[in-house]
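Consider the two complexes below, in which chain A is the common component and chain B and chain C are the respective partners.
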Partner chain A sequence: MEKYQLNTNKIESFITHLKNKGKVFAPHKSGKNSFKFNEVENPDSVVLDYNRTLNSIKKYFLPPREVLLSFSKKEYSFEKSTIEVEKKIFLGVHNYDVKGVLRLDYNFSQGNPEDNYLKRRADSIFIGVSYEPDEYHFSQSVGIPLHDTEGFDIYLEKNDSGYTISAITENGQSIVDGFDGFSEEQAAPSNHVQFKNRLKYNYNRLPEVFEHSWNASVWEEVSKRCVGCGTCNLVCPTCYCFDVEDNMDLSLLQGTRERNWDGCMLNSFAAVAGGENFRETLAERQRHRVYRKFKYITDITGEPWCIGCGRCTAYCTAGISIVEIVNDLCDEYEAKYLNRPVEQSGLNAARL
Partner chain B sequence: MSKPKVAFFDFTSCEGCQLNKLNLEDHLLDILEHIDIVEFREAMDDKADEYDISFIEGSISTPSCIARIHDIRRRSKILIALGACATQGGINAMKNLHPIEEVRETVYGDDKYLFPTLPAMPVSAIVKVDYEVNGCPMSTPEFLKVLKSLLAGQEPIKPDSAVCVECKLRENECLYDRGMVCLGPISKSGCGAICPSFGQFCTGCRGLVSNADKNAMIDILTSHGITLDEAKKRLLLFNSYDHSQSMPK
Partner chain C sequence: MSIAIQNFEAQELYYPEIAEISAVKRFTAKEKWFEITLPGGRSLGHQPGQFVQVSLFGAGEAPISVTSSPTKKGAFELCVREVGMLTNVLHSLETGSKIGIRGPFGRGFDVESFKGKDILIIGGGIGIVPLRSLINYVIDNRKDFGRLIIAYGAKSPDELLYPEELVQWENSKEIEYHVTVDQGTPEWKGNTGVITTLIPPLDLDLENTIAAVVGPPIMYKFVLMSLKTKRVPDENIYMSLERRMKCGVGKCGHCQINHSYVCQEGPVYHYPEIKNLQEAI
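After this line comes the complex of A and B, so read on.
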């Protein structure tokens, strides 16, 4: 694996170099205090030092809204949307977000492989960047340590004078090749940073907790503060549920079938014809959401589907934290099944 | 097949919803391919006896409104409420929070006996409403959607999720992260999150989602720095009718 030194003053020319290889997408400032992946127009507007983007790069493979097909009632015909495979270079991705993409790859290639996702996903290059965890990141607890580079083609690790660039895959090497702005001198990595937030149990111990958490009091407690807005679902890099709707145009002869992101916290998600709702209460929905991240798929794959990005917590207006939920489940599990007194296990009695 | 006869009526309102329809300039001719407008005070003089679809704007707030809405309902096959006043009483219903005599006196002074008034009510408080189009003013895309569904013989889909959903689909920065407070978390979507997308907090003009937890919402508002009093006022702006229903008389 080749390593190069990219000094700060050469970052823009490196991005220009990338733009010659394909469409480049990278984080940009958005609004007052947020960041967002956009296609790069000006290399100088790219931000590599950021906490998290509003949406993950999932949006490029599973767009928030897309037209699946257009149909004609007149001719009783339909035509599927065509999706061209095109080279996309994602610059400045945090490692948990690329893990999110790897999880979605599994979801969309099982059973009936999902063409639209897989075509958009094909020919994607991921250039990772190291990051400093804030109070919401907890990836380490779900098996994604800070410099885990699985899924990346190239990795940029911050140091005092810029970045150390590692070409991890052949694809990555071919992207780096031909760039003449690297520095001869290697710089030492920046000070080692640590996670500020963590789950009480490492992810490999969580299955035993979730085996016993169906009737936990945590679900009711959390649902008292939750208003069911669905933000936690929609910002999650591994949530992939969608709704499909037919829309006629005003001729009433033709229309389109569209799909958009949906979320299991929302009222209509589990509602069926006849007015029944499989998960009527917010407590049931919260349990379902968290089980989707730590149990249902995990039982099959062995990996947690939560990637520790902290978005659901950072963007929850009610201040509900997935780390607190899981930690409270651990506490309740200990108290109920491991015969440890509540005080000793640190369970917050007020929240029981 | 003859085109359905459609009429528009206004009650206590600013008539902005009707104006909003006339603003559908790019679509008006296409719409007229499918319907015959037989009554529309703001746009024409004609009157008709019966209607396939009646669109009602405005809240019910006087004894004469009640007689008139009964009459329209009797002559309409389908009746649709348009906009915040007609669907949830709208801002008119803020008067319900005060004694009705006090309201009359404040507005009409010595002439109050000339103007009988009632607490403001949504149309559905008096007659059966088949469908609703929310918003202040009513959302024109939603109006078109309901109209198209009815013309195509389909049941219109009613949104019952929060404005937050549409903000997230548009990848808007949350207004709470800009130091503002917003009713998006419990307000009914369908507007495309148009206000938050342009930096204005949601005031809940489309009404609240069916499982709205107002106490949890008040906790959210007060934990972001506004007083309990102010939080309650924000919630009441467009949603006083529901509240006044549960108030002690």
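After this line comes the complex of A and C, so read on.
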């Protein structure tokens, strides 16, 4: 694997170089403290040093709203939506977010491989960037250590004078090859940072906990604070559930069928016509959300569907932490099944 | 885990086929029967117990069980309770109206494995709708199966569906038909009581009887208790589960119970598969 030195003063010209290869999407500042992936217009507005974007790059493959078809009620006919395959370069992606994309790849390629997703996903280049974990990141606990580069074509690791660039795939190498702004001198990597937040058990020990957590007291406890807004679903890089609805235009003669992101925390999610709701309580819905991240699909693939980005916690309107939920499950499991005392402190920080 | 996504043959999953309503009949105040003709009069090619996504432009889509048997070639049939937005619009449609269809979807009854067995049908309310597909399949392949026992329960006599066929079932020497209503009327001469009251008197060859159970969610627990008391082995019980479904193809997530997508592995389940599955029953 070839390594190159990209000094800080050459970053903009590197981004310009990328823009000649395809559409480039990268993090930008959005508001005071938050960041957002946007298509790059000005290379100088790209922010490579950021904690997390509000939404992951999932939005490019599974858009929040997507027209599935346009119909005419009068003719009773429809037109298919067209999705153009285009080269997309995602710059400045954190490694947990590219893992999120790999998880979605599984959901949309298994069983019935879905045209809409796979077309949008095709021809994508991922250029990762190292990051400094904040109080919410816990990717290490779900098997994604810092500098894990699976899924990336190119990886940028921060150092004192810019970034060390590694070309990981052939696609990545061919992008790097045409750029002449690299520096001769390799700089030393920055000080190694560590995760401040983590799960009590590593992800590979969680199946035994979840095996025993269906009736845990945590679900009821958490539901007392949860307001069921579904923010955790919307910001999750591996939540892919969607609703489908028809929208008529003002003529009432034609309209579109759209799919929109949905969330299992919302009251209507498992409700059917006639009044039955198969997950009526917030406790049931929280349990479903967390089991989906750590057990249901994990039992099949061996990997957790939580990628440790911390978004559901950082953006929760009620201050609920998925790390605290899982750690409380671990405690309850230990106390009930391993006969070990529960640690006195309920604070997550005390467990570190 | 990294998947080479370019290796998958992507499918267009969400485009309906435009079919036509070729006949409509009202059964009750809430339920209507529809015959649907696909382009060219082609058969749907379904299994008893499977469903289609009915697609009405402007109203959306909803999963609806097919009520006709695959042995009936050409047009297929639906029987629909007017209960939500889509079914409201569907009820307003007349013969000749266009209607979108996707499917058939899901797993139906494994009729091949039922061959040679006695078939016990237990249907509550509109649960009889998908079961009628199985009933007619057995009737049309009568020599392949043993006894056909039907236990049907409705809230009241005026909620019983398929009025003409019920008379035929009643009069047929090849069908053992039992019916009950929760609440009778002065004219009602039959059984009154919930559906589980029909089960104890049945004389069953336990090892050789397949029970196919479909009804409202509340019904399953009690029917399963009755079958247990009767000593029907769990392995001989099949049931169909209702869930919210938006896509029908295992993508939208709404119908998920634990690891199982009802639109893929269901709606018909072999009881041992879901006996210990939380949230299933």
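FYI, the second predicted complex is superposed on the first by the 342 of 352 C-alpha atoms of A that agree within 3 Å, B and C clash if a C-alpha of one lies under 4 Å from a C-alpha of the other, contacts with A are read in each partner's own complex, and residues count from 1 in each chain.
Criterion: contacts are C-beta pairs under 8 Å (C-beta built on N, C-alpha and C of every residue); 3 or more make two chains touch, one makes a residue touch a chain.
It should be emphasised that the depicted structure is a prediction, and the values quoted were computed from it without experimental measurement.
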* Which partner does A:Gly31 reach: the first (chain B), the second (chain C), both, or neither? -> first
* To do: Based on the superposed arrangement, let me know which partner A:Leu266 touches: chain B (first), chain C (second), both, or neither?
  => first
* **Contacts of A:Ile297 with chain B and chain C, given as first, second, both or neither** => second
* To do: Identify the partner contact of A:Leu118: answer first if only chain B is touched, second if only chain C is, both if each is, neither if none is.
  => second
* Asked: In the superposed arrangement, does A:Leu69 touch chain B (first), chain C (second), both or neither?
  -> second
* In the superposition, chain B vs chain C on chain A residues touched -> C
* Partner chain(s) touched by A:Phe108 [first = chain B, second = chain C, both, neither] -> second
* Could you say whether A:Met248 touches chain B, chain C, both of them, or neither, answering first, second, both or neither? => both
* **Overlap of chain C and chain B interfaces on chain A (superposed complexes)** => 245, 248, 252
* Structure fact -> The chain A residues in contact with chain B across the complex are 30-34, 36, 54-55, 59, 64-65, 224-231, 234-235, 245, 247-248, 250-252, 260-261, 263, 266-268, 282, 315, 317-319
* Asked: Which residues of chain A touch chain C in the complex?
  -> 68-69, 71-73, 76-78, 80, 102, 105-109, 111-116, 118-119, 121-122, 150-151, 214, 240-246, 248, 252, 255, 257, 259, 262, 264, 269-274, 276, 278-279, 284, 288, 291-292, 296-297, 299-303
* Asked: Taking the complex as given, what residues does chain B use to touch chain A?
  -> 27, 30-31, 33-34, 144-145, 148-149, 151-152, 157, 160-162, 164-165, 168-174, 176-179, 184-186, 209-213, 216-217, 219-220, 223-224
* To do: Would you tell me which residues of chain C are touching chain A in their complex?
  => 1-3, 5-6, 8-16, 18, 57-62, 81, 83-87, 98, 100, 216-217, 242-244, 246-247, 249-254, 256-259, 264, 278-279
